[in-house]
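We call the chains A, B and C, going by the order they appear; numbering starts again at 1 in every chain.
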Amino acid sequence: MAWTWFHRLASPPHVYAFARRWTPWFGGVSAVAMCVALYGGLVLAPEDYQQKDAFRMVYVHAPTAWLSLMVYTTMAVAAAVGLIWRMKVAHAAAASCAPIGAWFTVAALGTGMLWGKPMWGAYWVWDPRLTAELVLLFLYFGYMGLRAGIEDPVKADKASAVLAVVGVINVPIIKFSVEWWNSLHQTPTVMQMGKPKMDFDMLWPLLLMFVAFALYFVTVMLIRLRAELLRRERNASWIREVLT
Amino acid sequence: MLTVQDVHLWRGDRHVLRGVSFDAQPGKCVLLTGKNGAGKTTLIRAIAGLLDPEEGQVFWRGAPARNQRDEFHSELAYLGHEPPLKGDLTARENLQYSIGIRRPVSALEIDAALVRTGAKAFSDRATRMLSAGQKRRVALAGVLLANAVLWLLDEPTTNLDADGQQLVRDLISEQLARDGIVVAAVHHSLALPAEQLMPLELAQP
Amino acid sequence: MKATSLVAAGLVAVRDLRLAFRKPSQVIQPLMFFMIVATLFPLTLTPEMSRLRDAAPGVLWIGALLSSLLALEFLFRDDAVDGTLEQFALSGQSLTWMLFAKTCTHWLLTGLPLALSAPIAAAALGVPMEAMVGVVASLMLGSFAMSLVGAIGAGLTLGARRGGVLLSLLTLPLAVPILIFGARATQLAISGGDMAPPMYLLGAIAVLGVTLAPLAAAAAVRIGLE
């Protein structure tokens, strides 16, 4: 029965139980990893000879920037699964992804700006990465705005799913166009953050931080998913069994 | 031929359709009755495929209607609450386009249908100038012209005078005589022979 | 006998053209809006022609984008309100083709006139006459791509309250690449450079739009009709 897991995935009570069982584990591992990575990044890693201590911003900036994209992709995949297989749980998962992804985008933009002040002398420059990140934030806003704008939840699920899929096709095009645009105007090339040629002492906290943030995303996602399921299935009989 | 099997549908928090089932054969008219909000419109829209039932399915000629959507729709004529007319076009132009996208249609055919539904006299006026009853007569001509096996009529007699209500009855019994199927949501019972009628009362959710 | 999808799409296009001629305000208003927006920029920037010329691509493209958003709101709305869209969806014909026809007609009625009248606004912004062909060409291609992307947004906002602002919120981020390539093409036309590269990229987006946008719009409209 290769399809059993798939049917389990489609059943709200199973997903709810799974989320409740695993949330503490994901959260715990994420917290430990984050503490270790922070210690490694802020204390153990040597100072960058060009950027001094400012480079340490990368330990938050790079993982959040990376996750902001990954969450959008996850959301679009969940939405597509919901559309194609008419799976309510997948729609609920997509809905619970959006605010987390938007916050990761805000965090990436904020840390990018804080890092930009000492590096570029201004909080905001039209750097292609920051610009693309900003457009991504607008994509999240559009998705959440559409959800909020449609009263019927079933309709909101489906419409926002179409938008997420269209958006995810557009993300690489936006990224390319913004880089193309920037390359024309020859802004002074500055040191990029998170270059692959990093000292091992600098690198391992970064990689661990990626893992920690990804697990953090899973944790928050599962909590939000549970809330979504409770709200959507409030009339279903399994809720009474679960809550008593 | 048209089989509705255990259809459940929620609108928001309301469980509107709770396991509706019926099986209509050619020459039968399914008469949907029930109070306002009992789900008559919802059921008709679900049969048409405009709404997706959460559970249950609609079968047409033995196969799920959803899997043969275009074929099913080309055999179906749907008339909702509002007559689907463009106010800036005349009745004749409206039909020319709305039927034209389904099948090639001649001006003579359109004329004949307009005469049949008593809409000929005002068929060259922009439909926004027409009264609600006149618009409905034009829309009924559209249903007639669709050459459909299955008619889905949501309150077809709304805004019609006694004469017009008689017209709807006649059109339905002609459609049944052609071995067509009619699903109609009505407030008043239609005076049709009992053996042609399949009454279906939708309970208040 | 059933009509083919192409016949159906053609009839939808003819019907929309006829409706537009009966009620030209929906065609003229976005055009007037574009002209007014283009006039406002010199008032806020500078009356100096040389500096306005530098700003001209931005002015023309922002104006075109806003005006096309304004027009897009009505792409499907009227047909949804009077039940025509429902009849399209139940006609047994491909909704994708019919909506593609509607989108093309919409561009013919809004995007094309806008591109053709852009030289008036461009001349007022100090754009030299030699550049006009390039300005019109880039706006033509760009507004077509914009109509395709906007069709998805217009379909998605059918089911929403206050569709207008939401439509902009959804469509503008998706239109960023069109804006970047289009404005660059216009800029190159004005400065006399080779505008082929951005035009190719704009064309690529239009091709991608033609293949995917009508499908997404049809899915969106079916959801909106629920």
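Methods note: a contact is a pair of C-beta atoms (placed from the backbone, for glycine too) under 8 Å apart; a residue touches a chain by one contact, two chains touch by 3 or more.
Keep in mind it's a predicted model, so treat the numbers as computed, not measured.
Note: the chain lying farthest from chain C is B, by mean C-alpha position. Located most centrally within the structure is C, per distance between chain CA means and the overall CA mean. Between the CA-based centres of chain A and chain B the separation comes to 48 Å, rounded to the whole angstrom.
Chain centres here are Cα means. That of chain B falls 36 Å from that of chain C. Computed from the mean C-alpha positions, the centre of chain A lies at a distance of 32 Å from the centre of chain C. Each of residues 52 in chain B touches at least two other chains. Among all residues of chain C, those that touch two or more other chains are 226.
Residue positions of chain A touching 2 or more other chains, listed in rising order: 151-152, 154. The part of chain A that touches chain C in the complex is made up of residues 83, 135, 138-139, 141-142, 145-146, 149-152, 154-156, 158-159, 162-163, 165-167, 169-170, 173-174, 176-178, 180-181, 184. Residue ranges of chain A in contact with chain B, taken from their complex: 86, 151-154, 235. Of all the residues in chain B, the ones that touch chain C in their complex are 48-52, 70-76, 78, 80, 82-89, 93, 97-98, 100-104.
Residues 10-13, 15, 52 of chain B are the ones touching chain A in the complex.
Across the interface of their complex, chain A is touched by residues 152, 156-157, 159-163, 166, 169-170, 172-174, 176-177, 180-181, 184, 201, 205, 208, 212, 216, 219-220, 223-224, 226 of chain C.
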